[in-house]
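Mind having a look at this structure? Questions to follow.
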Amino acid sequence: MAFDRDKTAHIHRELHSHLPPDPALRVKALESLAVERGYVARETLDAWIEAYSERIGPKRGAEVVARSWVAPDFRQRLLDNAGMAVREFGYEGHATGHLKAVENSDSVQNLVVCTLCSCYPFALLGMSPIWYRSAAYRARAVREPRKVLAEFGVTLPEAVGVRVWDSTAELRYLVVPQRPAGTEGWPEDRLAALVTRNAMIGTQRDLALPDTDGPG
Amino acid sequence: MAFDRDKTAHIHRELHSHLPPDPALRVKALESLAVERGYVARETLDAWIEAYSERIGPKRGAEVVARSWVAPDFRQRLLDNAGMAVREFGYEGHATGHLKAVENSDSVQNLVVCTLCSCYPFALLGMSPIWYRSAAYRARAVREPRKVLAEFGVTLPEAVGVRVWDSTAELRYLVVPQRPAGTEGWPEDRLAALVTRNAMIGTQRDLALPDTDGPG
Amino acid sequence: MDGPHDLGGKEGFGPIDVTSPPFRHEWERRQWALSKTSDKGAMGGSIDAWRHTLELLPPAVYHAVPYFEKWCIQSLCVLVRDGGVSLDEVVRAADATPEGPGTARIWSVEDAVEAVRANEAFFDADPGEPPAFEVGERVRTLRHGSPGHTRLPAYARGAVGTVTAHHGGHIYADLSAEGLEEGRHLYTVAFTAPELWGGTADPRDTVLLDLWEPYLVPA
Amino acid sequence: MDGPHDLGGKEGFGPIDVTSPPFRHEWERRQWALSKTSDKGAMGGSIDAWRHTLELLPPAVYHAVPYFEKWCIQSLCVLVRDGGVSLDEVVRAADATPEGPGTARIWSVEDAVEAVRANEAFFDADPGEPPAFEVGERVRTLRHGSPGHTRLPAYARGAVGTVTAHHGGHIYADLSAEGLEEGRHLYTVAFTAPELWGGTADPRDTVLLDLWEPYLVPA
């Protein structure tokens, strides 16, 4: 069935002009219809909310990053095929089928964006932060990544080039930040606690050790 | 003084978030400040409104078009330098300094738009219609002029190409529609009464005679 | 389409609110949860059709309403367009107190977590012909977009870059939105910042996009 | 700048309301009248600075608010930026009942009509060098816009057209917005519809733009 653009745009205009402006009421309408039609149970929505607040979040990605720091063979598997590598944790799933890990280095800072929508490796990092889906971030990350990074408190050393990854197809990106100095011999779980969501998107470069007040 | 973009954008955001949303109140604020600071008298605003509702409007352009139909030498002056030619009527002024007249023909339909703002030959045609400044017209006129014309009820003969004039500099455009058949020997004022604002922008092609119900 | 969603490089946006959490309001959480059912039945369709429906929001709405409200209107639109729901029913549902428990099975948190895992989708698809470009080759993107759904952003059109990876064949988004699953070769292409933004951009920086073969010609 | 004002060719807008009159509301008439004083003192500046200030409205505001409300915010912004008016004063002015008659001279309708006539501005300015292109020549527009004000719309970038007229030197908008009045050669350039919009566009149609020489290179 070919996509009917005119009809779709027409329905959008009708809906927007006839629905109450409060988004909570609009969502209520969708929820009522979805429940009534048997697409979803109300309790299932609560289960989804709990799944994403308690179970699926950036701690998953942090574990993956930490292991890549301590296990060279895992690091290689991650760089070769990150989608397969995260299966070792059972963290595969929504938007990780074509996951790609990109490592920061002394000369590279990776930064991930989706300019056309808001693609994100949900099963690995949970729901994205609001800024990631904001028009300002989507518009500016590709054009002025250094100014964007500055707003996150990141100033790059002279030698560092920014690689901005715009997720235009079904590949998804995980930034692997550099392991901080002074963590030699730390176990994986202690290392994982250092890895932030922003660092895995690329808007944080230096990871802070628990005792320091380094730049976020 | 260089233009301070960041400061300008910041003030815009502050104003929009602190002012009441009702546009009438926003205009009231501007009027109060302008009057209080001595930039304009309240009665002068009424004079401007009357000037543009009673004195300055598309009838001016219609007179110019009608004369070009009946006076070949005037027509030539209009095509050579429309800004100078409208001085013969005393209709020069706001946005006619670099006026250009473009004639429709059996193979050409001219259409005027300003995609970047809403440039218009005000002194000659008065205030523009709302559709001319709408995002839909500005966006679509250059990309799909025939669909736009169809919404105005215009279907072009097979031989006709559309020339869309996007007013990107300080030139302004006056479309000279074709003189309708059956008006041989008519005086200028009777001809001028046939010429519509839309025809002089290019969203009407065939001018209707008073007794007919032809397409607008 | 050159729609309101094509934000890359657009100017005039203010500073980024860097502290914002995933959700601010309860309705946002519920919309996110509702979207988890959006690939089921009448609320769904391919990811590309889903995106295209979202892109067709009126530009003023797209720019003005909160993120998850766009998702909500998108799903309501699909219900009306493809699900046999009338506009009146939608408007009444915003007003009415929700009715009884419905007929759907109740999922546990464990079910949801497992569904996320099982949703590991792959988009590989045989393009049926060898790739036209190889890694290291210079390519130019098309100047024109497509009137329908497309994933070549406006900021990267008519630009010359270097192929840095070939991913084999992937389902071609432009056709997928129209209901056709066909494979096309997918590449990662790197563009220097000055190529995209002009001479004032930082020459140390690059932007990398994943682009299907039909978007590319030899440079 | 690649701002929200650059609408040419953008998609997703609905049908045009073809019957609409010049004004719908009294506040629109008053704003139009107020704008007639906008080239006086602190409410003004060059037309290019005026346009650039308008372009810098946040995109969501630009797309959502009515046309004359944009003009109003634009003028208020200039008053705050250049006119020594504080944000608080503006907000209070929206709330307060207007005070006495002010000090400005009262104009008659005749004065207004005469002011429109006298406002026949010319933008000719000596470019100081001969034109680089002549009528009939093929030219290509730049791929990149300018970070500031510019009058080369995004839809016409990186495109090949034909010079159909040379208008001598005109004040160059890009610099004029920054307060510098310098002349550059101005041309009308015709582009075929397929060149701008791709092969599906009607080959009978053309789009003509008035473009300054710095936007152009030989094709």
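A few points about this structure:
Order of writing sets the labels: A, B, C and D. Residues in every chain begin at 1.
Operating definition for what follows: contacts are C-beta pairs under 8 Å (C-beta built on N, C-alpha and C of every residue); 3 or more make two chains touch, one makes a residue touch a chain.
All figures in this text were calculated on a predicted structure; none of them were measured in a lab.
Listed by label, the chains touching chain B and chain D alike are C.
Most remote chain with respect to chain A, judged by CA-atom centres, is B. With A-D and A-C as the two chain pairs, more C-beta contacts join A-C. Between chain B and chain C the centroid-to-centroid distance comes to 40 Å (mean Cα coordinates, whole Å). Centre-to-centre, using mean CA coordinates, chain A is 14 Å away from chain C.
Separation between the centroids of chain A and chain B, computed from CA atoms only, is 49 Å.
Among the residues of chain D, those touching two or more other chains are numbered 1, 9-14, 56-60, 63, 197. Of all residues in chain A, those that touch two or more other chains are 9, 13, 135. Viewed as a contact network, the protein chains fit none of the simple shapes, being neither a path, a ring, a star nor fully connected. Chains touching one another form the pairs A-C, A-D, B-C, B-D, C-D. Chain B makes touch with chain C in their complex at residues 9-10, 13, 135.
On chain C, the positions that touch chain B within their shared complex are 12, 14, 59-60.
Only residues 1-5, 7-9, 11-16, 18-20, 23-56, 83, 90-98, 113, 115-118, 122-123, 126-131, 133-140, 142-143, 145-146, 148, 151-153, 160-171, 203 of chain A touch chain C when the two sit together in their complex. Of all residues in chain D, only 1, 5-11, 13-18, 20-27, 29-34, 36-37, 40-43, 47, 49, 51-54, 56-58, 61, 63, 65-69, 72-73, 75-77, 79-81, 83, 85, 87, 89-91, 93-96, 98-99, 101-109, 111-113, 116-123, 148-149, 151-153, 155-156, 167, 170-171, 173, 177-179, 186, 188, 190, 196-197, 202, 204-212 touch chain B in the complex they form. Across the complex, chain D is touched by residues 1-4, 9-14, 55-60, 62-64, 143-145, 147, 154, 157-159, 197-198, 200 of chain C.
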